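What follows is a pair of complexes built around chain A, which joins chain B in one and chain C in the other.
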Partner chain A sequence: MLSGESLFMLDLVATFAPYMIITLSLNLEYGFGGVPNFGKTLAVAGGAFMVGYLPGRILAGIMGVGQGMDYVAQNAQIITEINNRLVFNVPLSLGILLITLVAVILFGAFLGLLVTVPVVRLRADYLAMTFLAAGEVILVIGNNYPPLVGGTLGIGVPDPFGWASTFSVLGLSPGEMRNVTVTLFMAITAIIIFLYAQKLTHSPLGRVLRAIRDDENSALALGKDVTSNRLKVIIFASAIAAIGGALYAFYTANVISTAYSRVSWTFWPWVMVMLGGAANNLGVVCGTFIFVAVRKLIIFYKDIFGPFIPFDVVWLDMLLLGAALVFILLYKPEGLLPEKPIKTIKIEGPPPPKREAPEETSSSQAPSKKKVGLKLPFKFKVRKK
Partner chain B sequence: MVLDIISAFKDAIVFSSLLTLLTIGMTLTYLTTKVPNFAHGSIATVGIYFALITTKLLGLNIYLGLLPSFFAGGVVAILQYIVILRPLSKRNASITTMMVATIAFDFLLLSGLNILADYLSKSFLIISRYFLLKGFDFFLMGERGVLLISPILVIAITIALYLLLTRTKFGVAMRATIENPPLAGTVGINADLVYIVSWFVAGGLAGLAGCLLPLWFIGNPDTGTFILISIFAAAVTGGLYNIYGAIIGGYTVGFAEIFLIRYLASLSDPFGAWIIPYRPVIPLLAMVITLMLAPRGITGIDVKRLRSMFRRNRNA
Partner chain C sequence: MSQPVLNTVNIRKTFGGVVALDSVDINVDKGSMTMLIGPNGSGKTTLINVISGFYKPDRGQVTFEGRDITGQPPNKVSAYGLVRTFQIPSPFVKLSVLENLLIASKGNPGESFLKAPLKMTWHKKESEIYDRAFRVLDLLNLKLWDQPAGVLSGGQLKLLEIGRALMTGAKMIMMDEPAAGLNPVLAHKVFAHICDIKQRLGITFLIIEHRLDIALQYVDYVYAMALGTVISHGTGEEVMNDPKVIEGYLGGTCA
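Coming up: the complex of A and B.
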């Protein structure tokens, strides 16, 4: 059995990991690409809806469960039956997890592409408006189209981590084993995505993105394709954010469209990114952690000061976060960890040929051949006519 | 379901008129500050709650709430400009940062409105969520007053704006500031005052629209955030760079939204009543189509160029 503190930590990590994935993707878009994605919930909800839609139907088909039954209406029954069989089938569990994640990535990328294509050539404000509208529309669809994620009632998700509850390590109970496994999986995925984001932002693409963000016209003048690079980063970021939404859906084991509101999955990630420091992956991770920890504490102590105020504590929470964001924008716009110049990776290959100039000049015998100009790590070839 | 053209027309008139009031404000602030205000919808919600307080709490005629709502909306908008946007624009913050700031303000307003709603329902036992104030309207020849008042308000405000912008010194100064702020500054125009006034007018119009809204549609703390999409669509469709475009855009998107959804709902399979909740898709589509075909909106279409293009095609 886990102690109260460990449970709190576990819950903290489980909330932190999906948010970390999402804020990293937002950082790619906004911090590096300068794309104001005010519809982050589009990709997140897209990923989660995919989890609600796909794996259950595939498994029902493979196992022959629930034939002649309505998948949405008798969902609880079908999911219980699937989970009972899935517990003893580790390869199938992992297989379905992998297939779903691949589908989620593709779907997220597709959503990003779909929204961006009509407006990618326009100014940032048009992009922002379109994203906002698209984010609302996907929630409307999720809420009103029951076959997708059960409409307002939500839908259950088969648990690909059920097998973890069949054995016990360190004296954990079966339910805890499952939660620990999911949390570990999410944490590992988040770390992988962090490393990927680091790699991506330190690559030439990362530098081009910064150049476009800072001055679109000069990037264009240097021959960089602004449109395609922007499109690229939005597609990457949407795919990553979709993974975050999908993992959260697997963790909670159900999907309901009202859980993917604009506040939780667009506004909060923005606060996290601005708090941590845009265009600094480590800063964003710190910002996310601080935000999630503070909010967990607020929820933890909510019941204590709840009776003293004449309204729901949720609004006080939102008020404080809004004020915090304004405060950050006004007084610390660079965030906790400001943006740093990118360390470039050494390009491997044969070392550049050494210059033979220094010895000759220092011996003062042939001063006429002194080289003038910049020291460059490579040589220009000048074609002589 | 049969398409009831008259009732759809009434719906469309009221909705488009309110949308136009909101869009004029949005365009005005966009022209001056060059940032789309994501809190504009919630400023309208301030007006909605003023209407609720005027009728249910004070027991007055709802139309007496118009003036206070105008001032409340205006003051909120000025606050937004002075406290948040002006310091940012002085620091040459990017447009994205400014947009994030307006979103942050939107959430401040939204939480404030929710707190107000909770307070009203707990302390005064008023239904403060999902309310309609239809009963507080007056009747004129069997029709509800708002049906007449809202288009009249749009016409009056259009004329007032036209007179302000063309016949007064301040209006000319406003146009000059919109065109070129530094140049306007060098000839002695107080650009800051111009900005404050345009934010006040924009917020005030939003407050007016909000005050009339619960007479026909359901009011809730998040009503404004839902209308926001329609406001953006209307502003973009009309042309974000033209104040009169807001009127064209407001009526185009408003009528399109109501009539299209009513029409599709009246059809049999595969369409039908199930389509009604999908209304937000229409402004999104309107926005996307406009941005693809004519990014500067209806008023931004260069008619001469279009005509010469047609001519060339005919000759070819």
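Coming up: the complex of A and C.
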């Protein structure tokens, strides 16, 4: 059995990992690419919805479970049956996990493309509005179209980590074994995505994205295809964010569309990115960790300070975060770890020493190629008067 | 024996009721330094915006190296080797001075989404670009190479703007007031640099400049504009002695 502290740590990592994936994705598109995505929910919910929709149906089909039953209405029964069989089938578990994640990545990319294509040629402000709207639309669909993910009642997800509960290491209970395994898987995925994001942005491409963010017209004048780069960064970022949503759905083993609110999956990731430092992946990871840890600590210790505050502790969490945001914007607008120029390759020391001579002499005297006897503009005025 | 590398035919551009350009025909000879003069609001910047693809003309044609580039997007025009700078320096403020130069270089495989994470696909090209950027820094005497471009002074930003244009490996560079806001000594230095580059690299320049006294001694050919039309063209001396220019200049600015 895990101690209270260990459970706390496990829960912390399990929340941190998906958020880290999502904030890294937001950092890629906003911090580097300058795309103000106020609808992170879209890709996150998209990933989660795919997890609610696809693997259960595939497995039901393969196993011949729930024939003649309504997948959504009798979902609990079907999922229980699937899980009972999946527990003993590790290859199928891992296979369905992999297939689902591939589908999630493609679907996330598709959602990014779908929303962006109509407005990508317009100014970035329009993108912000479109994303905001799209983030709401997917939730409206999720809530009101039960065949997708069970509407407001939600839907169960087959557990591709159930097999872990059949092993026992370090005296962990079966449930703990499963949770530790999922959490490890999420943490490893988050680390891989971090490394990928670092590679992607510490490159000439990262430079182009930051340049487009800083000055679109200059980038155009230097031959950079602003539209195509913007579209691609949104597609990549949406695909990554969808992975975050999908992992979270696998972890909780169900999908309820109401859980993918604007506050949790758009507003909070934005605060995390601002806190950590936009366009600095490491900073964003730190910001995300601090943010998630503070929230968890408030909840973990709520009984201790609960009696001393005149309102419910859940509000404290909101209040503190609001205050934190105001503080960052006022005193540290660049975040904890501000953006730094990126060195794509190692430079051997400072630039080569200056070659003094040719510079100075050639410039102080005009080249003698042509010297026209000139009248200065102001002389014209004099002459005219 | 030089042939026009760039020419415009009958360009017209209006903004609502304002006719910013009307029937503008210019020819820029290959390897020349051609200057565009004219009072404020005479349409010089608008012409560069039309040529570089930032504005679509209402009418007329722009040809670069025999290719019709009318209405092509700016990044395409730039890719053809026709690069412009801006009247108001517009650096990438959070990129270092060095990065501002590096980015201007063309054909870097590391700028692709698929190759970017694989350093070995772009490492070699990137180091060549670094070398070139340091040579340009040296040429422009910019010392704050590892600082964000946002910290540079106005004069240094102008130099950076030129440096970026050079880094593109352009065949022709259009500069919108490259020496605006620089003191005369520095302005001469800038023009001398440009002239030197022109002679060494054979790049064609089309330059807008207000201070004729500084620029004229470096240029081969001059177009004078007023109220959206070309009112005179010829060698520096010819244009400066053209009564229409004298009038246009005065009529446009300080009536």
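We take it that the second predicted complex is superposed on the first by the 329 of 385 C-alpha atoms of A that agree within 3 Å, B and C clash if a C-alpha of one lies under 4 Å from a C-alpha of the other, contacts with A are read in each partner's own complex, and residues count from 1 in each chain.
Following the convention adopted for this analysis, contacts are C-beta pairs under 8 Å (C-beta built on N, C-alpha and C of every residue); 3 or more make two chains touch, one makes a residue touch a chain.
Treat the numbers as computed from the prediction; the structure is a model and nothing was measured.
Undergrad: Considering only the touch criterion stated at the top, classify A:Arg207 as touching first (chain B), second (chain C), both, or neither.
TA: So A:Arg207 only meets chain C here.
Undergrad: Counting residues of chain A in contact, which comes out ahead: chain B or chain C?
TA: C
Undergrad: Thinking of the overlay built on chain A, is A:Lys232 touched by chain B (first), by chain C (second), by both, or by neither?
TA: After superposition on chain A, A:Lys232 lies in contact with chain C alone.
Undergrad: Which holds for A:Ile62: it touches chain B only (first), chain C only (second), both, or neither?
TA: Touch partners of A:Ile62: none, neither chain B nor chain C.
Undergrad: Give one of first, second, both or neither to describe whether A:Ala221 is in contact with chain B, with chain C, with both, or with none.
TA: A:Ala221: touches chain C, not chain B.
Undergrad: When the two structures are overlaid on chain A, which partner does A:Tyr30 contact: first (chain B), second (chain C), both, or neither?
TA: A:Tyr30: touches chain B, not chain C.
Undergrad: Return first, second, both or neither, reflecting whether A:Val137 touches chain B, chain C, both chains, or no partner chain.
TA: first
Undergrad: Is there a shared patch on chain A that both chain B and chain C touch, and which residues make it up?
TA: In chain A, nothing is touched by chain B and also by chain C.
Undergrad: Where on chain A is chain B touching in the complex?
TA: By the definition above, chain A touches chain B via 30, 34, 36, 38, 118-119, 122-126, 128-130, 132-134, 136-137, 140-141, 143-144, 262-263, 267, 270, 274, 310-312, 314-316, 318-319, 321-323, 325-326, 329-330, 333.
Undergrad: If you look only at chain B, which of its residues touch chain A in the complex?
TA: 35-36, 38, 83-84, 87-88, 91, 93-97, 99-101, 103-108, 110-112, 114-115, 118-119, 122-123, 225-226, 228-229, 232-233, 236, 274, 277-278, 280-281, 283-284, 287-288, 291-292, 295
Undergrad: Going by the contact rule set out above, which residues of chain C touch chain A in the complex?
TA: Where chain C meets chain A, its residues are 52, 54, 73-75, 78-79, 83-86, 90-96, 98-100, 102-104, 106, 108-113, 116-119, 122-123, 126-127, 130, 134, 137-139, 141, 145-146, 148, 164, 168, 188-189, 191-193, 195-196, 199, 211-213, 216-218, 220, 235-237, 240-241, 246, 249-250, 254.
Undergrad: For a test of understanding, state which residues of chain A touch chain C in their complex under the given definition.
TA: Residues 196, 199-200, 203-208, 210-211, 213-215, 217-226, 232, 236, 279, 339, 341-342, 344-345, 347, 351-352, 354-355, 359, 362-367, 369-377, 380-381, 383-384.
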